[in-house]
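Below you'll find the structure, written out as structure tokens, and then a few comments.
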């Protein structure tokens, strides 16, 4: 019997010893940050989430790179480039650079990577970002051969890209992860597993050393990177932590040096701290109206609902992280485009419009439901809007919280009345927002279709003069938000940064990019601050 | 005994098969698929991915087809995918994850199970130790302050949601006193707070069960005789009575072990632990069919295994019990 | 045997449970903890029913100018992130929590008793098959089942009840089956059967009253466990829908508000106190009932 008790005491000890050996991890790093939830993949061709893109940027480099301060495209692997007169042909001159396995990085690797993205089998979410290239869409549909696609390898270090039409923002597209080069030999050998630490071949400032699912990714400086002399941090730890609260706890106890988003419920306390900065991001949160369902098929009703939202009090009293009330679709901070409000909120006008549409004083208005996906913030905003519509228009709506996939499914199938949505710009041009509302676009999801709007988009696509182009874009936005209102913008998001000053070179920017190669250890003076 | 174990193992096969089949069909009923994302995927890409992973929807029927024919087409199609999946399982292949490209379900589960196993084993040991001690004290000093105290502790342990308990531990030890890490995994110290959080409600249950069962055993003749013959309380409580009184605790521990070892999503989220519980929830939310089915099968298998172990433990503890 | 004797036999059997209940209630009344617990529960239920209309605030009434206020005279329990009165919300949340607990339990008891009763009474092969089905369902992780039920059928309070009831009935079914197996071998059931009493009547008149004590005990202990599961679902965002709330969802929402950066202690304290005090009371009541009614404990 006593053996039983000895066992009882020894068992926990044995287990602790076991955990020592099983779970020890090398957390040694110069710098660690919370990368958000586990990235789906860090394969640049198919990475979709912010977390995956952040990792891809540390491991790979494209023809151009974003300047982390100005978001201007700067030379990356391409040393310089030439653009043809009509803006449809770009010739990139590549610098001599190496992959992490010692092979040289050539124009062939870019062509391979881009064609790989264009093959539907790869499963890239961003395949349509490459449709600007001549015959790219035809190739994706298997209607032409690879040779017909406008990607020409002149020699190992000269790469010519031909476009379907002039794309004024093509150089910033070239800095996007989907446009990164890929090592054909590694992918052919390992298939989808080529991004694992033991197989990966990369050309960026860092190489992947360890990948523990739902735990962390560890990267180490890449000695073969062309600009390795200017990379100062040796080891970086990216923590995959699902909850932002847990992230904050880790930050407060020194296990993490940088947070990129914070618990929304604590933001009104945290925003006054010295280690916190925020900057408007290229994102817009809005409510979609299903225009196929009465009474939302009436533009007056949609506009009335939109006009009755007090965006300022949502931004300042509910969200409180410095979000900007959105009265247009394109966020401020889009370089080269001055975003201006399309309307002023006006409760009187909203009531008048509602009366005109046959619901004077909100009488007879059917009970609609606002659907949103599970999140404290979405819930709080929805509750506030529900209250505003009730008080100001005497319109009662129900709230329904569904999980993400269900919401997506219902949006796509148009099985909703009003729903929450958000859009984050993919590239630095207003069309990244305006294009999604085109008739039949996969992200439109409102059933709204307007020939005039589509025609304006076509004009924008062909217009080379920037001023004229901006003017037409404003016109399209006005039509979208203040006349037709298939969507009601609520607020523009912010990129947050909470940083204990361990490194220099972190610049908050609208895209939320971290340029890992620019990070350097802060001197003792900086830390004393 | 071996025959009985073999018999139960044999029964495990149809049980697991049924668990897998039910799960397979309900998860496929859930709206939205693994490739439905915020940014609408190009239909070309979706079609190609669905082909690759063998979850494509049924081929379209000619417009004139009747309702019955459509239903038959759907059923036949799903049945084919079901057979393929089950065939894979029979060969020990749980398939690729639909959410994480390039990762196999088996390796995801194996890695997270290792974490959860360490955490779960630690929690079970703590719970067992606490529970038995508290239960013994309560039964020994029945209807005294000690008993009431232990019972109140036991009831309190199951009256607070464990996310509140965990958060309190975190706040006090992790963030105020800063004596233990506030989360993460990889150092032994990281084990303490999550293991305690998991152990507290378990130990409360164990204490309750053990108290009741010990009281019953202490009332039996052989114990009374022993007491009358002058055997010390210590020997009675920790020697003679244990053998019989522990049995209900053992049967409770079986399913509890299976549940704890496959992870707890609450504790994993609070303490940023890469365990298996997360996959049950996130797998279902991401419609990662293969991952969530794999997790369900592992849980089912562990549950059966634990119940067999309970039977074995019964015979070892009490030789009168024959399997 | 005449018609008259049959009636008498049945009446004689019917008396037994009545005495059993009286004795049980007397024993319960002498258990101080259980007594206090039941009084407390009555107070809580009354407060949740009447309270929200007396507090002077609507549970969904927002005041964005007074968010996150610590308890004051105007708001005895403070306000939440949208400036709503927490006391009103706690009282109102109690309705939902108690309703979930009670309805969820009733559903699970109903399914469990019918299923377990039939399996136990039929015995043999039917019993084996029915219990195998229970084994299989036991093997399904609770979380997975509930999440899928919620995603497949959409979310509503009703569905929440059904989902929770649907996963809780297994234990009750097993317990009831065991009891029925035991009871049906007793003389008076054999007797009734020999007299040609119909099966449903045997179940209703003879077996059910005798397993009732166990069912009541398990049901009482099941309420807190259903309420805890609802809280757990709320933590994951699957609980009740806003602006409604339950104690669990209030506590889960408040968790984010306890951090060294700022501690809105009232948001956590009051819902948790309400929840755990009620669960404590239910547990004590359940323990008391078990001591009073469970045949195994009767002679102690």
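Order of writing sets the chain letters: A, B and C. Residues in each chain are counted from 1.
Note that in this section contacts are C-beta pairs under 8 Å (C-beta built on N, C-alpha and C of every residue); 3 or more make two chains touch, one makes a residue touch a chain.
What you see is a predicted model; the values in this text were computed from it and never measured.
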item	value
Far-end chain from chain B, centres as C-alpha averages	A
By mean Cα position, the chain sitting nearest the middle	B
Distance between the centres, which are taken as Cα means, of chain C and chain A, whole angstrom	45
Distance between the centres, which are taken as Cα means, of chain C and chain B, whole angstrom	23
Where chain A and chain B are represented by their mean Cα positions, the distance between them in whole Å	36
Residues of chain C whose C-beta touches two or more other chains	151, 255, 259-260
Where chain B touches two or more other chains at once, by residue number	30-31, 175, 285
Chain A, residues touching no fewer than two other chains	249, 252, 403, 405-406
Contact footprint of chain B on chain A as seen in their complex	1, 4-5, 8-9, 11-12, 15-16, 18-20, 22-25, 27, 38, 40-41, 43, 46, 48, 120-128, 140-141, 191-196, 212-215, 239-243, 246-247, 249-250, 252-253, 255, 403-406, 408-410, 412, 441-443, 445
Touching residues on chain C, where the partner in the complex is chain A	60, 62, 64-65, 67-68, 81-82, 150-151, 154-155, 237-238, 241-243, 253, 255-257, 259-262
Chain C-touching residues of chain B, taken from the complex the two chains share	11, 14-16, 18-19, 22-23, 26-27, 29-31, 151, 155-156, 158-164, 167, 171, 175-176, 215-216, 219, 255, 259, 262, 265-266, 277, 280-281, 284-285, 292, 295-296, 299-300, 303-304
Contact set on chain A toward chain C in their complex	245, 248-249, 252, 263, 265-266, 268-270, 313, 317-318, 374-376, 379-380, 382-384, 386-387, 399-403, 405-406
Chain A contact footprint on chain B (complex, rising order)	30-33, 35-45, 47-49, 52, 99-103, 108, 111-112, 114-115, 118, 121-122, 125-126, 128-129, 132, 170, 174-175, 178, 181-188, 190-191, 238-239, 242-243, 269-272, 274-275, 278, 285-287
